[in-house]
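This is the structure I have questions about; it appears just below.
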Amino acid sequence: MPSDASSTAPTRFAFLGPEGTFAEAALGMLGASAQGSGRPESSVAAALAGVRAGEYDAALVPMENSVEGSVPATMDGLVSGDPLVITREVFLDVAFVLAVRPGTTAAGIRTVASHPHALAQCRGRIAALLPDADVVVAASTADAARRVAAGEWDAAVCAPIAASRYRLDALDTDLADHPGAVTRFVLAARPGPLPSPTGADKTTVTVVVPDRTGALLDLLAEFAVRGISLTRIESRPTRERLGVYSFSIDCEGHVADRRVGDALAALHRLCAEVRFLGSYPRADAQPAKPVPERAGDAAFTEAEAWLARIREGSAA
Amino acid sequence: MPSDASSTAPTRFAFLGPEGTFAEAALGMLGASAQGSGRPESSVAAALAGVRAGEYDAALVPMENSVEGSVPATMDGLVSGDPLVITREVFLDVAFVLAVRPGTTAAGIRTVASHPHALAQCRGRIAALLPDADVVVAASTADAARRVAAGEWDAAVCAPIAASRYRLDALDTDLADHPGAVTRFVLAARPGPLPSPTGADKTTVTVVVPDRTGALLDLLAEFAVRGISLTRIESRPTRERLGVYSFSIDCEGHVADRRVGDALAALHRLCAEVRFLGSYPRADAQPAKPVPERAGDAAFTEAEAWLARIREGSAA
Amino acid sequence: MPSDASSTAPTRFAFLGPEGTFAEAALGMLGASAQGSGRPESSVAAALAGVRAGEYDAALVPMENSVEGSVPATMDGLVSGDPLVITREVFLDVAFVLAVRPGTTAAGIRTVASHPHALAQCRGRIAALLPDADVVVAASTADAARRVAAGEWDAAVCAPIAASRYRLDALDTDLADHPGAVTRFVLAARPGPLPSPTGADKTTVTVVVPDRTGALLDLLAEFAVRGISLTRIESRPTRERLGVYSFSIDCEGHVADRRVGDALAALHRLCAEVRFLGSYPRADAQPAKPVPERAGDAAFTEAEAWLARIREGSAA
Amino acid sequence: MPSDASSTAPTRFAFLGPEGTFAEAALGMLGASAQGSGRPESSVAAALAGVRAGEYDAALVPMENSVEGSVPATMDGLVSGDPLVITREVFLDVAFVLAVRPGTTAAGIRTVASHPHALAQCRGRIAALLPDADVVVAASTADAARRVAAGEWDAAVCAPIAASRYRLDALDTDLADHPGAVTRFVLAARPGPLPSPTGADKTTVTVVVPDRTGALLDLLAEFAVRGISLTRIESRPTRERLGVYSFSIDCEGHVADRRVGDALAALHRLCAEVRFLGSYPRADAQPAKPVPERAGDAAFTEAEAWLARIREGSAA
């Protein structure tokens, strides 16, 4: 965790607020390490800024969604500004309910409110269920629920946790046009002692790739020659120059692993910019692939010892 | 163009409606080839479905945005269902205005409406300018303008084209939190004669990469060994299986070019699935890189002739 | 075979003469196809020149030896001058005997003669057995035997076939310092119909590699991306320029195989010079590796058909 | 140099004897470092064995010849047995003369003697000049000259240095069939302090490559990703198993260079066997290519420092 290991102070978390959102539900999934206070923030940018300013120890922010793809605010927010690293990841099933005050029927719904992304994911179902209702944007799914409870609007598209918190009824569940959506949240903190390797870890890095044929291939070769699989690669245009791309990459393993550390050091030599965004336990269902013998720490250690011997001129 | 070459019938276009959106502005940029009728559709899915059903000859849909990243509805919509190919691309500067009925002042705005993505891109400025206004979701930016003109809401965040179409005043311009945003639109049509190579083309393809270390590298090597630069690569999780990724790739060149055709044929051998999404003139400011001599069509033709000779047993 | 398919004329072979050498023994191993006349030549260069001039249909020449390495005269002789192709290979166990006239004892040997290469391979044993004998160079191992029979010298280091041909006794056998030597002979002919693919073939090619970092890697990538194993690779300095290397390469498969043909065509584009030196049945003990599905002819044919479809604009 | 740095004892060299051979001429080219005694040995194996046994400090042996190719006795002799490393290389122009006792004319030559390799390189010219002479093998070119001086034979094919040493006349010069031959000699010593990097160095290594498609490519990729050019690569069959090849490789740079050391350590992980055969100043006319910035020692040092920082969790 980002806080000092000897500290007993509770950890201060920022999440996308207000209370009752998916982000709070994800925060609940952090379990034991989440002992501490969670405080809602109005945007990813605000949450990350709060961590950078020292107001929070960490921020839980959405990184990608199986329907909507990556979350640009998080991708960009992690890379711009002072360094932050990911120390945890959480996968949350995203299920939307149509929350109303007890007694409200579908026919009585004139306004339905939610966060723009939730509205986008449920557009088809909302149009089918409530063809005549006005669709109103709220600052968050939970904010929509709160204002429905207050009588301002008639229905909210929100997380189950928000419905129960505001004592609303779920008139309909699984409201998403593509059910089974999963959102990956990451916990971002200021640099500090890294999470210990667990044997099933992930490392996240962003690099700026030079604009020449084969540059990306050279970069990926640095992973491949060390037997490291990538679990995600995504290009992001850099705002400075056309044709210069930034790549956001997740790979297997921990920077403390020799093969991963060596690959990252190679990227540092190859690329104009590399930003290390953390090594942390992987939370997805995918088991780690066995590390080939030639890419294990022991192979690196032996090779290094051998190199030292031949450099010294002893009989290797 | 997607229509039959001998046809003189005007082309029927779908775009994200209603009239007055950025999509219509992009449609205007298609120039001479856009002779024909444009009809608004309510969603990317609906526009692409209309093309597949033969109601339209082509649909102009947003592919990626320099702020928001790729547009999942388009990425997924092109890949799922009957084949579609991209025949054109257009880059459009995205500038939002705050459109009001003549005479309205900032103080008089109680409701501000727009499409969720526009609201997301302008959130900061809206909050600063109109801290007390309700933010309302509309089906599109133009729909917001239309309903402001109709007196339903007080202000719309929309394209300049929509403001002028509905005779609204721009109370503020450049409303986006990150000015300078560009959206890349693509024109999707049913398969048909491909656009002729122009010497500065792009080819789009999606592939499903096997889940083994180095598989992506092998795939990229097929481009690199033929001297082909990638201009975009993006991973998309496949919904079927964790760990199996789909990659959406734009590369330089036209499938009619020997090097590009050969690379695509190699992908067909390597990957579980390959979907060709078109070759079309590139519209960005980036000039095409010179093709290395060894990767030009002449080099392929000579090599093929040489191969034929040695296979026949003639003195090569 | 190099001769015209419809011809019934016996094949005329050149081998390294005179009769009684290993080359003649190798010629015997050609079996049915060797129906024809064999004529000795004094050097690899002379044998190959005779084929080029049409005096012979083919020449059986040594390509490499497990002790001495490659045979420069053959390597260079195949590459310089009019095209020749390899149509067969033969592996011959090389066992030297010490041949003497009946009645001669070790103590009575004052001169021991052989071809320089044979002398080089048996130097240790000769020095041990006959420390005081003069070592004399003969034009060939068989020539040494012939002249021993004629009483000119006392002992010859030669093949068993030469000893028996000249009615000499083998005073000692397995004379080589490194027993178990194998020589690979190849049958070189003028270009003509290639040997049919057998499913276990080899292809030989020489290429001149440009003098830049990674050039060799690019070249080898053309084999690897198509799943083709190399069975031999050897650099040869080119006489023209320092730093420019020629590589002699044997790979699995037949040029009629799609993957091999494609790889060779790619080399033709990449390299200043490529010379095809034949596809022929492999004669070593090594079974052919199974061709990965993605590299089989069917995969190429399907990929090509798919490419043709997408180029035509039909729904692939 | 191989001897102890603090030692002032003269260095003891072995070379291929006797005196008057090309090897002695090459020894002369070692210049200042050759202060010491040179002693002839009868074979490469004997010279290397003498170094291994401590009788010599170093042996000067031929590694490759631009006409004959590599010298198997040296290639194999360096790899088998206790470790030896190359500490110097020398390129020697090989020019043969036809040496006779003063007064001898071509017509008077009945026997012409030399080392088998010299005879092989001059075969054509000897046959033309002396069609009727017996060709006799000598232990070395110098031995031939010595015995011509002693009246045993009539002519020797030898180095100019041997002719003058034995007061013979050169009846003909440039006797080689391919003039302009160059032999590369290397100085092999027991492991000890390596020659200091000079900025234009070479490193020699042999590796045993696993028998799987792409194994050689993986190996070469380790050089290419670090921007290291190969100057020689040659396959040698391993005697143990068919299909398992050993590769002898020369690359640019010194093992003390970060990029070279890292590449060698990677080979150690990848390959069943790696034998380091030395880093030493390059002696050929080829200037060293500039090291790309990303492959320079500074880039490695910075990357390593960066890696240490991110592993510690400090803001990189």
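For clarity, chains are labelled A, B, C and D in written order, and residue numbers in each chain start from 1.
By our rule, contacts are C-beta pairs under 8 Å (C-beta built on N, C-alpha and C of every residue); 3 or more make two chains touch, one makes a residue touch a chain.
Here the structure is a predicted model, which means the values were calculated and not measured.
Asker: Give me the chains shared as neighbours by chain B and chain C.
Answerer: none
Asker: Report back the single chain whose CA centre is most distant from the CA centre of chain A.
Answerer: Measuring from the centre of chain A, the most distant chain centre belongs to C.
Asker: In terms of residue numbering, is the interface formed by chain A and chain B classified as same (over half shared) or different (under half shared)?
Answerer: Mostly the same residues.
Asker: So how far apart, in whole Å, are chain A and chain D when each is placed at the average of its C-alpha atoms?
Answerer: Computed value for the inter-centroid distance: 58 Å.
Asker: With centres defined as the mean C-alpha position, give me the chain B-chain D separation in Å.
Answerer: 61
Asker: Based only on mean CA positions, could you tell me how far chain C sits from chain D in angstrom?
Answerer: The mean C-alpha positions of chain C and chain D differ by 26 Å.
Asker: Among the residues of chain B, which ones contact at least 2 other chains?
Answerer: If we look for residues of chain B contacting two or more partner chains, we find 221.
Asker: Quick one: in the complex, what on chain D touches chain C?
Answerer: 43, 66-70, 72, 75, 116-117, 119-120, 123, 134-139, 178, 180, 212-214, 216-217, 220-221, 223-224, 227-237, 239, 242-243, 245, 247, 284-286, 289
Asker: So in the complex, the part of chain A that touches chain D is made up of which residues?
Answerer: Listed in rising order, the residues are 82-83, 85, 190-194, 218, 221-222, 225, 255-256, 261, 264-266, 268-270, 274-276, 294-295, 299-300, 302-304, 306-307, 310-311, 313-316.
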